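Going by the order they are written in, the chains are A, B, C and D; count residues from 1 in each one.
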Amino acid sequence: MEAINWHGFFFLFFAIVACAFAMAVVVADNIVRMACYLVVSLGAVAGLYFLAQAEFLGAVQLMVYVGGTMVLLVFGVMLTARGPLASMRTGGGQWIMAAIAGGALLAMLLQAAFSVSDWAAPKTIQEQAAVEGSPSARLGLGLMGVRVDQLEQPNLMLRRGMSGHLLAFEIISVHLVVVLVGAAYLARAKRRLDHKQAKDDQRP
Amino acid sequence: MNLLAQPVGLPHYLVVSAILFVCGVVCMATKRNMLGVLMGIELVLNGANLNFVAFGSPMLRAGPSDGLGLDGQLIALFVIVLAAAEAAVALAIALNFYHTHATVDVDRGEELKG
Amino acid sequence: MELSETLPLLLGLAWLLPLASFVLIVFFGPRMGRGGYYAAYLATAAIMASFALSVVALAGWLAAHPLTAAAHGAHAAAASAAVSGDWYSLGEFGPLRITIGYYIDSLTLAMFCMVTLVASCIHVYSFGYMHGELSDVIDTLAPLANGQPVRRRGRFCRFFQYLSLFCFSMLGLVVAGNVAMVFVFWELVGICSYLLIGFWHERKSASNAANKAFIVNRVGDFGMIIGLMVLWTGMGTFSFGDYQTVNAKGDTVTKPGIFSQVRPGPNHRLQVPNGMVKMAARREIEKIAAHAPTINGDLPLRRASAAMMTWAAVKKWRAQGYGYGLLVVAGLGIFCGCVGKSAQFPLHVWLPDAMEGPTPVSALIHAATMVAAGVYLVGRFYPVFTPEVLLVIACVGCITLFLAATIALTATDIKRVLAYSTVSQLGFMMLALGLGGWLAGMFHLLTHAFFKSLLFLCSGSVIHSCGTNEMPRMGGLRKKMPYTATTMLIGCLAIAGAGLPGTVVGLSGFFSKDYIVAQDLSFWGANPRLGGPLYCAALIGAGMTAFYMFRLWYMTFAGQPRDEAVHHHAHESPRGMTVPLMILALLAVVAAWNVPGTNFGIEPLLTQAQPAGTAEGLAHGRMWPNVTVPAEHLSHSPAIHARAEWAAFGTALLGFLLATVLYGLRKWDPEDVRRTFAPLHRFLVHKWWFDELYALVFVRPVLRLSGWVAILDKQGLDWLADNSARAVAAVARLDDWIDRIFVDAPVNLTARWTYAFALRLRVLQTGNIRQYVLWLAAGAVALFVLMSLYWNYAVAGI
Amino acid sequence: MTELLTNILSPSWLAYAIAAAIQCALLLVVALASAAVFIWLERKVSARIQDRLGPTRVGGRFGWLQPPADGLKLLCKEDIIPAAADRLLFRVAPYISFCSAFCVFLALPFANGWVALRLDVGVFFILAVAGIEVFGVILGGYASGSKWSLYGAMREAAQVVSYEVPLALCVVVPVLLTGSMDLVEIGNRQAGWFTNWYVLHDPFTFVTFWVYATCAVASTNRAPFDLAEAESELVAGFLTEYSGFRWVIFFMAEYASMFVVSGLAAVLFLGGWNGPIPIAGLLHLGSDPDTATGFIANLLGLGNFLIKTVAGVTCVIWLRWTLPRLRIDQVMTTCLKYCVPLASAMLAGAVLWTYLCPGGLIARARHSLTIAAEQQHAPTQERK
């Protein structure tokens, strides 16, 4: 019996978890449970990232999604999950439509995944074991516009600028700030004001 | 194919991402709860991200060329950040929607229906 | 470092510091402490620093140019050692050079020290005087429509901000190196004066006074602009001193400035500059150009020869007097500006009203510095003036001093008395300058600055404690406010010119006034027919000065209190206000003295600055040949000087005694004196009916004319406008019709079609998100299928 | 050890499984043992602070067997699931918390190289995984179907989410100084005398350490930040409905996370396994754990690390029993108005410092660039 391929094993594990809980999200009714399942699914995806030598990305996934996004979601849930709202069933017709569309999409994607020939050929297990992940410093430098991995870039212009993502990084950062401010502005509580208006309406 | 024996390849990742993606789409398509739709979007984004990472990963493909290389991870990073931003805005919208309509049922927000 | 580098540096710094404080106060003033209290500290610090810098600069100058014992006329012909140049060139447009330049000689330095010193004292004084502005102010003198007094925020820091701006402008005016800059700062000080007179603009009188001052000054400035234009066109430069510039060939050449064009070396005699000659003689030049010899129509050659002939002819023309008139016009124009700024005879009406401003302002702007700027400018432009102009200046000054003095005799408002005395003192200076006594005029300008600001500050302290300007309600304040009384007494003595004739013992006013009178005397000697009236007027003016000053002092401080409320309410001013008084009093005493043992003093300092060649006077103006402006040093000959001294002293003493008898000892009752001279008194009380006269001659006609214009406008122009409008409307209606038929119709048609189409489309817009998602998915699938079926990889080049 | 097992056992996957199990067990033991010790410690310290003796009898002296006794008692308790509860989530919640708290130990190095999973992004991983803990709490609070629990959970959520920000900012500073997120490397950078510790590296790091301490206490929601279980206002916050074993699990999670934040503080700021005096270095023991001397050195390092960590935990306990509890608005104010700006300022300061002083991120960039260049020239040697 040949040496077991732990990479494959863990991949299988995480993949199954991710897919299973994703489906659970689809079928679940209770919004909070959906959130819970989603967390698990995303966590599993983070595991997949780790397997694919993207530790930093995995950590970010955990931090941002499972930490930030999920907590945000839970906030929303807490504020809106009450009795009837918590679970809202949809008609069977919708389900069928969705199933058809989804199935078509899935078929298409799978066909695409297996159709391209030179994707299908993986490295051997030994090679995979030999591959060492790119340290997160490279990623950071890439964001800063210094591309360590492209030193053999033939195009001199691209090499001088290192074809990094500094601009994109800046734009994203500013965008994030703006969005968060805007979100805070949108989400500020207007409840009390509504009550007052209601009172005013009752008065005359 | 026995993954315990064979090496993991690009197609495997693609399959997983495809499943996630479709789950997301179906979730968006079937949930009436606005937050459910939001979660669907998160799933879709994750599927896409997984693709980026897989294409960027050096170990999934034979031969020297490692596809997207670092760009895969970088783009995935951007996607995650944008997803966070989008979630924040979407939640804010949901809360406002709840304040005005006292519900999060997306079917009820159809004032602009033609 | 070289003196020519340090001086501009120091003075430039001293000049810009107040600007800095102004800017700072503008932006951060209100936030500096409660009510902007610390803004005052800032402004004061700035001006004191400028004073220090000026003193350093002066020291530097003295080190380079040691003062000789005042040997008048010894170096009359020598060029005055002035440091001139440009800090910054705003641009050169052909011959027109607009620069920020400097022209520094000992006069500039003396003015700098005087201005900054007086300004420092007044800043300090204002701490106390303006403290009421720190909190909200209820201005009882400014009733609203409903009779309630105005209630407004305090303007403490604004006051100091204006002061800083003024100091900046004044110093700029003094240091200015070219005419354009002079004019700019000339207007700036005008603005400051306007702002500060109208500081309490809620009061109708204040805002009126501000407007009056501003408008009257415009009249003067109009003349000044004319003068400047003539200068510019005639000499092709604004700069006082010689200046370097880059000619067409690109190498730097030294061009003569105004002074060296008007009075070229070596003997620095006044001569009409070539430019003016050519201007006046342009017809002849054209003739020459027309008939210039040429070799078969070679134009450049002709042009060259024409230029040469013109050059040769200039001397002849000058001898024939071409362009002399231009020089006269230029001088008169500039003097016009000075008349406006330092309130000389036709335009003197604004200064008394300007007393509506806060007293420190009156002291700084309307006594010591700004109004003196006119005199200063005359002194600056002295080399340009021809005998005719000088005579005009002298006459104007003489009339002014007499007239103002007479009005001051009867005024009862303490500040107005001082204002009129200022006008008359300025008249004295103008007179001196006009008679060729450059030194005398400038000397009096400086000394006067000290004792007049002292007097104003004293009156301010009195007003501050009494709350009224009216002297009849004061009296007996001597015991209440000893410091003010003493210092004011010193001021009165100084302005009256107290001193011992024949000795060198005397207050500052004594010396400067003696110079003026002596100059007057020597002028009389030079031209017997003209000089008499001027001399007598000056003497009488001096006497009246002594009279009204002591009248003021007696009415205010001596005798019994006339208004118990006021007297009871009165109190000595805080230390912050009295200390500047003492400093100024000291200066009023010693200003004219040389530092013992050395020959450093204002007089030798000024002597150094005497414009080259002006010292030995002028003779035989071209228009009035029999006018002779005597050389100044003649007036220092013992005979003339002694006589002048005694005469001035006698008249002053006379005035003093008269005042003492009338108001001090009350031997005679001023009342019956007044009754006996009732018509005269009314005449004087109404200030020679000047305001009424102007109202009659200028203001009312203007108003009536504008009324007519308004009627014309309503009846004529409006009718025209209405009808044209109607016509336009008719045309527009026509256009409208065309528009509807030929333009709108097709557009509307398309719009209707689009609308119908959209109505059919809108059913797709079911606001149902899930449906949209499904459509998305379906679309993606469809796209993929199409691609996989029909996408031609060969075509795509993949 | 894995090699050893593979030699003995076949098939190999069994060997792997056993090895993994053993390592897991080690970590678990560390977590549990530490929890037990800290519970005992907490009882004693609180007793001392309140002028009592605390547990004395159980297990002879010092009541050292008190924690097991407590555990036993709790296990014997009846565990209740309220009728209104969401049963599944109610059960799952404690395990989510504990798992996250436990997973953190994966990346926490106990000595030079002694770390279960040496990650290139160790610090980040720890922060991320620790962030999940709150999720269990929220679920628990929601699933209990009681308003007290819900309030507690919401407070916890708000508090932890807010405090993650300054915490991360503080953690970035040592990362910045090292130029790597690898905890082992961060620790080794501070080798040598105690002056090399990052807390003494420059004024900014010094302040950063204190900010970090505050935020760490807050993020483990211990007093004075324990708003989530404020017994004076909410009965027991998100723990109200929990009893018996699940309650114990939550407690384990709390103590484990205490251990983790203290350990993190030790590694990031207090030199990790490097003692104040580099004994190992002075004795030339070397740092390679495979050699005997290196092993001893590492044992010393382990001692250092544990001492620092326990000291940190003791301080946290001490804080809890000395300081009064803050109001929720005060908690948020502390975070958003003081910690965040302070941390940002410190970060900026540290950046400036590293930029002006040699070393730091810039040097790291050059360094890795050169490495990459070498790689491209001689990839084969790089591999080895």
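In this text, a contact is a pair of C-beta atoms (placed from the backbone, for glycine too) under 8 Å apart; a residue touches a chain by one contact, two chains touch by 3 or more.
A quick note: this is a predicted structure, and the numbers were derived from the prediction, not measured.
S.K.: For the pairs B-C and A-B, output the one whose chains share more C-beta pairs in contact.
M.R.: Result: the pair with more contacts is A-B.
S.K.: Report the most central chain, judged by the distance from each chain's C-alpha mean to the global C-alpha mean.
M.R.: C
S.K.: Where the CA atoms of chain C average out and where those of chain D average out, how many Å apart are those spots?
M.R.: For chain C versus chain D, the centre distance works out to 78 Å.
S.K.: Provide the C-alpha centroid distance between chain A and chain B, rounded to the nearest whole angstrom.
M.R.: Comparing mean C-alpha positions, chain B is 5 Å from chain A.
S.K.: At what distance in angstrom does the C-alpha mean of chain D lie from that of chain A?
M.R.: Distance between chain centres, rounded to whole Å: 26 Å.
S.K.: Two or more other chains in contact with one residue: find those residues in chain C.
M.R.: Chain C, residues with two or more chain partners: 770, 773-774, 777.
S.K.: Tell me, which residues of chain D touch at least two other chains?
M.R.: Answer for chain D, listing residues that touch two or more other chains: there are none.
S.K.: For chain B, give me the residues that contact two or more of the other chains.
M.R.: 25, 29-32, 40
S.K.: Between which chains is there touch?
M.R.: The set of touching chain pairs is A-B, A-C, A-D, B-C.
S.K.: In the complex of these two chains, what residues of chain D are touching chain A?
M.R.: My answer: residues 11-13, 16, 86, 88-89, 92, 119-121, 124-125, 127-129, 131-132, 134-135, 138-139, 142-143, 150, 153-154, 157, 160-161, 164, 179-181, 364-365, 368-369, 371-373, 376, 383.
S.K.: Flag every residue of chain A that touches chain C in the complex, lowest number first.
M.R.: Where chain A meets chain C, its residues are 90, 94, 97-98, 101-102, 104-105, 108, 111-112.
S.K.: What residues on chain A touch chain B, complex-wise?
M.R.: Spelled out, the residues of chain A in touch with chain B are 2, 4-5, 7-9, 11-12, 15, 18-19, 22-23, 25-26, 31, 34-35, 38, 41-42, 45, 48-49, 51-54, 56-57, 60-61, 64-65, 68-69, 72-73, 75-77, 79-80, 85, 88-90, 94-95, 97-99, 101-103, 105-106, 109-110, 112-114, 118-125, 127-128, 131, 134, 138-139, 142-143, 147, 149-150, 165, 168, 172, 175-176, 179-180, 182-187, 190-191, 194.
S.K.: Going by the contact rule set out above, which residues of chain B touch chain C in the complex?
M.R.: Of all residues in chain B, those touching chain C are 25, 28-32, 37, 40, 106-107, 109-114.
S.K.: Quick one: in the complex, what on chain C touches chain B?
M.R.: By the definition above, chain C touches chain B via 761-770, 773-774, 776-777.
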